[in-house]
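The following pair of complexes shares a single chain, subunit A, combined with subunit B in the former and subunit C in the latter.
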Partner chain A sequence: MEPLLNNQRTVIIFDGARGYGSSFLEEAFGGLVRLGFNKAKILETFEFVSDNDPALVSELIDYIDDAESEG
Partner chain B sequence: MKKLSLKQKTHQLRRSKKINKRKFRNKNNKKEKETQYLPEFIVPQTLNISKNNSRKNLLRLIKDIGEHVVILKNDICINLKNVEQLRPSATLLFISELSRLIKLKDKKVKIHCVLPKSRKVKQVLKKIGLFKLLGEKCNVANSLADNIQYWQFATGSETEGEKTEAILGKYDGQITEALNSKLYVGLTEAMLNAHQHAYMEPRSDNLDKAITVKSWWMLSQEKDGFLYVVFCDLGIGIPETLPMKHPSAWQRLLLSLLGGSPNDSIIIKEATALKKTSTNKKGRGHGLNQMVNSITNELNGIIRIYSNKGMFRTDFNGKSSMEDFVESINGTLIEWTIPITRQSEDNYESINHKHS
Partner chain C sequence: MVSESCQFITPVIVIVGWFFVDWRTNNRELRKEKRSLIDKIHIDIDFIEKKAIEYHQAEYANEQVSKEIKILLGRLIKVINREELIVKKDFWIFSAFKKAITLNNFDSSTFMCQSDNSELLDKIYATKDSLIDKVESEFSKRFR
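Up next, the complex of A and B:
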């Protein structure tokens, strides 16, 4: 959350871990929307890198979209 | 010192053999005397929860052990002499239940154990830590045989991704990254579910008095080209948590049954279909749904979910089946069966490409 509060462009690299559960991704990124940050702000602040599993980035963006539509 | 004659040497040898034999007999007799008058619980020959009879025998045994050890506070003896076959799900349930009872019982209550006759069973149970759990010495040598060394076990109480290393670490470089990753995700989702949902209320066996044991347990076995990974929690079960956590899904289910009461297996099936998001896109569901889809569809696997009295099974062809048993396991067991082929480094990359 700190990069969002400080307007600090941050790269999140997902490669190198065994995997990410959907619950974790939803809570981590959908959770930012629930804390009051909109999609534009989140995408402006974070650059997501996932070379091993490119689908992961579109998945977490969907969680952001879902959280916005639920909000 | 005078040198012994051959006759004297022979006599000394025979004498020392007799002394050792007597010591060994006395040691066993002492142990037999200690356990002779204790309530004895004979573990069935086959540990299996997928057939009503063997399931009933195992669950009743566990229930009786719990009553004696936790409520009556009796020392007991668990007799493993006859055990010959260990199915992964039932074995994990058995060790999980014993682990829980040991945490719940009074420290003064002792659980003694008669070791299995079968050497293989001894080796497997030693490998997965049962004897250590019971404080029982088992001198059988560790085995590197495939049917023994690939049994792995881990336990925890939170979402501890690093604990999957006990199972997945063994397969690094030997199975595809995709499989490894999907299993990791499935297991951590299961841990999260256990941590967040399973222990919402005390277990129905009423043994949780001062404390509730909120642990999870997992086990893996590799046999005949298949990897079996089993995850267990001893919570209230999916049939109890679904109505609480997903009331609208519960209402839909009740309406679809036109007022009838759903069996546990139907509730489990309903739970696997739940997606928290409204996108309805494939693989986008959470928890149970993700566990089912990623492992079965993408890795040609089979998943069986046992929860309370129900069992729901589905495979990569989309075929599913359900069954309800007489006895409840009072918790949830998830068993993945996945075909694996151990690869040499040369063709590891090509298999990796095939599965991803």
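Up next, the complex of A and C:
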């Protein structure tokens, strides 16, 4: 959350971990929306990199969209 | 004059024929390779489904099984991506399978054992079928 508060551009590299559960990704990124950050701000602050799992970035953007539409 | 043309045409036909046969053989071998890879993918997807059912129907949230499922899903998408078993625009079908398993009731403090007819398990079966169907249709499109 710190990069969002400090307007600090941050690259998040997902490669290297042994997989991510959708529940974790939803909680982390959908959670940012529920905390009050909008999609534009999140995407402006974070750059997501996932070479090993190319489906992951669009998956977490879906969570951001879903959280926005629920909010 | 005619015999000179024939002398030229014969080697051309032989070379073109050789290229055609070589292309057909390579294609057949590639098809065989992809087929056996896809058969293996079927086994992997079935295993992930089995593990997911085991996890969601257990009496408690088994951290070891959840870790194993995440690793297996990670391996699966790597192979799908590397071998181009589905096109990038259809990756959401893999994501739907992953979400069905790991979005709800997963790594959660409020774990609930799922009954045989639960919506969550139905979603896992349905998304698994869609993923297998997509892999098979891509294969059919490329090799038939």
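The definition used in the following text is that the second predicted complex is superposed on the first by the 71 of 71 C-alpha atoms of A that agree within 3 Å, B and C clash if a C-alpha of one lies under 4 Å from a C-alpha of the other, contacts with A are read in each partner's own complex, and residues count from 1 in each chain.
Just so we're on the same page, a contact is a pair of C-beta atoms (placed from the backbone, for glycine too) under 8 Å apart; a residue touches a chain by one contact, two chains touch by 3 or more.
None of the values given here were measured: they were computed from a predicted structure.
Colleague: One more residue to check, A:44. First (subunit B), second (subunit C), both or neither?
Modeller: Neither partner.
Colleague: Touching A:66, do we find subunit B (first), subunit C (second), both, or neither?
Modeller: So A:66 only meets subunit B here.
Colleague: Tell me the contact category for A:54 with respect to subunit B and subunit C: first, second, both or neither.
Modeller: In the superposed model, A:54 contacts subunit C only, not subunit B.
Colleague: Does the superposition put A:23 against subunit B (first), subunit C (second), both, or neither?
Modeller: The answer is both, since A:23 touches subunit B and subunit C.
Colleague: Can you give me the overlap between the subunit B contact set and the subunit C contact set on subunit A?
Modeller: 18-24, 26, 52-53, 59, 62.
Colleague: Flag every residue of subunit B that touches subunit A in the complex, lowest number first.
Modeller: On the subunit B side, the touching residues are 161, 164, 168, 177, 180-182, 184-185, 188-189, 192, 276-279, 281, 284-287, 290.
Colleague: For the complex, give me every residue of subunit C touching subunit A.
Modeller: Within the complex, subunit C contacts subunit A at residues 66-67, 69-74, 77-78, 81, 88, 91-92, 94-95, 98-99, 101-104, 106-108.
Colleague: Across the complex, what residues on subunit A touch subunit C?
Modeller: 18-24, 26, 52-55, 58-59, 62
Colleague: Provide the residue numbers of subunit A that touch subunit B in the complex, in ascending order.
Modeller: Against subunit B, subunit A makes touches at 18-24, 26, 52-53, 59, 62-63, 65-66, 69-70.
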